[in-house]
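In the two assemblies presented below, chain A is common to both, partnered first by chain B and then by chain C.
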Partner chain A sequence: MKQSLRFRIGFPLLVLIIIIPMIFPFLWMFMSAFKTQVDIISWPPKFLFSPTMVNFNKVFNEQNFLLYLKNSMIVGVGSVAISLLLGLPAAYSIARFHQKRLSVMILIARLMPGISFLMPWYIVFSRLGLMDSYTALILSHILIALPVVVWIMSSYFESVPLEMEESAMVDGATMQRAFVSIILPLSVPGIVTATTLSFIFSWNNFMFSQVLSMEKTRTLPIAVYNFMSYAEVDWGGVMAAAVAIMTPAIILTMVFQKYVVKGLTMGAVKG
Partner chain B sequence: MKRVLVMLLIASLSFALFAQGASEAPKAQQEIRVLLANHPYGELLKTKIPEFEAQSGIKVNFESLQESQLTQKLTTEFATGSSTVDVFMTRPLQEGLLFIKNGWYAPLDTYDFADYPSNSVDIGRKGNSAFIVPLITEWQVMYYRKDLFAQAGLKVPTNFTELEAAAKALTKDGVAGFGSRGKGAAAVTQLSSYIYNYGGLYLDKNVAVFDSPEALEAIRFYGRLLGTYGPQGVASMSWENLMPVFQTGKLAMWTDASVFYDQVVDQTKTAIPAANVGVAQLPKGPKGDSPFIVVSWGMGMSSKSKNPDAAMQFLSWATSKEMAVEAMLKNIPMARNSAWANADVRAKMHPGLIETQAHAAKNGYPYDRPFMSAVGQARDLIGEVIIESINTKGTSTKLPALAAEKAKAVNDLLKADGEYGGN
Partner chain C sequence: MIKSGFFERNLKYLFPLPALLFVLLLMVFPVLYTLFVSFTEWTLTSGRPMKFVALDSYLKIMREPRFLDAVGRTFSFTVGAVVAEAVLGTTIALVLNREFKGKNALKFILLLPLVATPVAVGIVFNLFYDPTIGFLNYVLSVLGLPQSGWVTASSTVLPSLMLVDIWQWTPMIALIVLAGLAGLSNEPYESAKVDGASGAQTFFHVTLPMIMPTILTAIILRAVDALKTYDIIYAMTGGGPGYSSETLNILAYKYSFEYFNLGQASSILVFLFFLVLLFSLGVMKIRKKFEL
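Right, the complex of A and B next:
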């Protein structure tokens, strides 16, 4: 009884101690988005204040935020879709035929500093007249999304019993057919994980969009910097923009969370 | 065998991609691409660009970026040699030398520089050509709290001895007496005026001399003031950290660039009444009275511009006398002499700014940092000396050795870039 009481008090306390450092920056950001500049800088910090919509008004009315949102969506969805199209068969092949060297090469592409790709890309895309186009951005973001897809999915596919596929082939299916009709449906949790993670990475990418996009195709992470000018930082605007950017990503993660965790652990244990 | 085939396939595909790019049709209407900074002047230009387009028939594609992004984007584009930028805002002291050396600016031989202070044009000059039109200036000032000075019965300090005494007297009740940038590399520009006022320099004839006894004395003084009377954690503070401290009334004196004046008195951003904020010139030092006055922004034209005539037309319009006056009326201090003489401007601009500008224009020094290609690395090196001084309140015995070591490192950087010594 005594121990259980200690547990009942101690456990939530421990949870709080762990959660507060993680949640506090978000809370701070969220509150600041509704504060005036004077309230944001005030010391001691204000936890009670009269909320203002000025910052969100700036984000959505004075800035072209909806355009940036649309751009980020197009680039994210486009690059993830192509990455799935190319990455799923690749991952399957890596898993089934143990092409370890190939998978390492894909990983190296991801590990190389992104900036080393930028110059060649800039040359190629500007010669092709593709600057400020979705094509250039989607192609560059595939570099972010594809390795994530391949790496998560190859370990996932390895966990799918080979017998499933063999029995399909006994029934007369080709290997391709077995992949599409048997393996893919079984791998939905993994695919959802890979999709969510690669979408978020693309959503948050700053460097590629900075150089390859211009006014028309500017993406959200770049747009946050619109609130930082020479010798002035509009913290309220930055915070409101950050809230606006994070919301879709958070919703996406919450919806698919259970898959993400499952997909990650599947890969981790069996990979 | 298979691998060879794959390689061949990749090679042929990419060849096809390049081939397509070569056959691009030229466009009919004149179009230029302009990169602006997130700066009040950039904002002003944006609102005026439609007028320019209507007047000239030139289509202007512009985008504006935060300054470090702007530098990165320009550098990436120019380095690849296939940039489509025609006109851009640029920071002469930060990137000017490098861009000039790489031939990225077009020479502006037809531009009329008569209305500009000659030392502001010289910064962007190499040989007989000038490459940068000076746009915006800033100089060092001291912001102070009139009410706190009145309460303490103090006068605004006019020399460093009075400055230290005032800092001491005003440090009480949770208010720090004195603040200035302490965060290493960021502090280099603000320390510069102190070094000049002690009779020192960062670079003398392109040789690093910030380990001279004069410069060391200045670094010790700066460190003593900040270490003793500065806000807590000042050694990691830049302007974006110090401004809120001043705006919330926790700082009595703050020396930094003139560009922050508007934000310090804007009642939507600050918690102290505008009437309590004063702006004064930086106090004199024992051996000098030369605050920095620099061209913080200029405008340049790309040497790769495919439309040099249209680009020049835009450049002349964007840097015209009329535009300079418009900007001055919005409290943006411009480099053009005529703009400062304009009667409307003098009537409307804050007198503190006009006075301190006049003083700095007459006595000031046109650099606030070591003027060299590797300025970023040099600032990091000098920054270490500044932080050591602040952390020891200016008493560090290691300081001369540390400064000598960093000066040598800066000289090595100068040598590596072929900029050491000479004029």
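Right, the complex of A and C next:
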């Protein structure tokens, strides 16, 4: 098909109008992370400057950033792993036995404001001496990851044809056996989607760690926020911290782009 | 009938059981507890024990101007942000709904705001919005426009926060609608063409009705989260200046973990939950009514 000249010029222009506002904040953050404080507060804002590593040095050497990075990893991996363990069989059962009520319950977990469980947890975890523990944080983050896993996997399992289990069961395998050795391997794309998304959501979560963690188990979002609350904002340091926290999620998205798009858009398109 | 063991016969109960127990223990009980606390007067720092007061906490909160303001603000924030996101997102999806080189790279760019840590996003926008060194005031001054206080002035703080939400979540609606458009069948378009429909006619009478269910679902998903917006507001303003950007979730956080006034905090939370629930049910009803 031949495209008109107007389209050939107009379309790329439209695309640019969409892209530039999307990407500019990232660009500015990235540039500022390599600027000295003097360059950052200069007026007019500088686009050209000589880059410095001062900010990253400060973030990784003076601040306890590596500890917070480790904490975020432990909490993210721990909560996603347990959510898969709990969520995969539940999602399978919802898909195969059409357990409507169960899936509504998971939906309600999505609707609830997080503070409505945080407040009771705060009371219980303080009494049990579990404040500032990985246990408390992982338990709370499972409530972020589990609905994502069940939501994505139940519709994924629905798309796997029933004959797969049936033929295995004719051969004498039990249903749970068929689930583990036939259905799960077939569902790897869905599992990748659920894992990536729920990990990113846990990674980005601010509120739960804000209440349940202190110095020992503090996760990255809190560390980044704390950077801000000093008397005079060290903009370069904050921007370096922001770059550091966003990079892993962005890399994950780059690697699993197709899955992330699918996970974010499913549910809605089907509805 | 194949003989099967206990596990097999009860698979439909056993498989979801662990997840169910977890949700019961860590979600249902805590929420019921919050509901219970909302009928009490209980401030942790006062040292007085919890006292049952029936609806008193609700009545107190209803008379609190901060609460009433927060309700209005939560509404305007949600409606303003989500309507803008729906319009912009759908427009973007319609523009991109064709094959072109670099489409995948573009989708990746659309994903970036969605996976970016909200707290960090808020902080980056704080640098943009800074009245003295911020990029946006620089742009305004270049254009010869008066400078704005952005999030530091109570008159502009809410729209400025909405702008951040719009920046971060418009791509989600765009991606959802794009996926929806990709699944549309070609037939209605062909018959529209045969009938000699114009581009605008085709859009309003063919595309829009078919894509509306997808857009509405995207709106529900977004609005449920927008009603609960917390990270961005807390990171950027903490509810300030003064109380001028306090939404219900921020207010509930302050009542819980700054004032430890758990009774009234719980009343706010119960209110917020019903708001979210009513909203979702309302939109679903609209969908049904128009058979979307």
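Definition applied: the second predicted complex is superposed on the first by the 243 of 271 C-alpha atoms of A that agree within 3 Å, B and C clash if a C-alpha of one lies under 4 Å from a C-alpha of the other, contacts with A are read in each partner's own complex, and residues count from 1 in each chain.
We take it that a residue touches a chain if its C-beta (ideal position, glycine included) is under 8 Å from a C-beta of that chain, and two chains touch if they have at least 3 such contacts.
Everything numeric here is computed off the predicted structure, so don't read it as measured data.
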Simultaneous placement of chain C and chain B on chain A, clash or fit: clash
First (chain B), second (chain C), both or neither touched by A:118: both
Touching partner for A:43 - first (chain B), second (chain C), both, neither: both
Touching partner for A:188 - first (chain B), second (chain C), both, neither: neither
Touched partner set for A:104, first chain B, second chain C, both or neither: neither
Chain B versus chain C as contact partner of A:211, first or second or both or neither: both
Which of chain B and chain C A:9 touches, first, second, both or neither: neither
Residue contacts on chain A - larger count, chain B or chain C: C
Contacts of A:232 with chain B and chain C, given as first, second, both or neither: first
First, second, both or neither for A:27, with chain B first and chain C second: neither
First, second, both or neither for A:87, with chain B first and chain C second: second
Selected from 3-11, 21-29 or 147-155: the stretch of chain C that, after superposition, runs into chain B: 147-155
On chain A, positions contacted by chain B and by chain C: 41-43, 118-119, 122, 211, 225, 228
Residue ranges of chain A in contact with chain C within the complex: 11, 14-15, 18-19, 21-23, 25-26, 28-29, 32, 40-45, 85-87, 89-90, 92-94, 96-97, 99, 102, 105-106, 109-122, 139-140, 142-143, 146, 150, 169, 174-176, 200, 203-204, 206-207, 211, 220-221, 224-225, 227-228, 235, 238-239, 241-242, 245-246, 249-250, 252-254, 257, 260-261, 264-265, 267-269, 271
Touching residues (chain side chain C, partner chain A) in the complex: 2, 4-5, 7-8, 11-12, 15-16, 18-20, 22-23, 26-27, 29-31, 33-34, 37, 92, 95-96, 100, 104, 106-121, 123-128, 132-133, 135, 138, 167, 171-172, 175-176, 178-180, 183, 213-214, 217-218, 221, 224, 228, 230-231, 234-235, 249, 252-253, 256-257, 262, 265-266, 269-270, 272-273, 276-277, 280
Sites on chain B touched by chain A in the complex: 17-18, 20-22, 24, 37-40, 42, 61-67, 69, 72-73, 76-77, 79-84, 239-240, 244, 247-248, 250, 257, 259-260, 263, 268-271, 296-297
For the chain A and chain B complex, residues of the former touching the latter: 36-38, 41-43, 118-119, 122-124, 126-129, 131, 210-211, 214-215, 218, 222, 225-226, 228-233
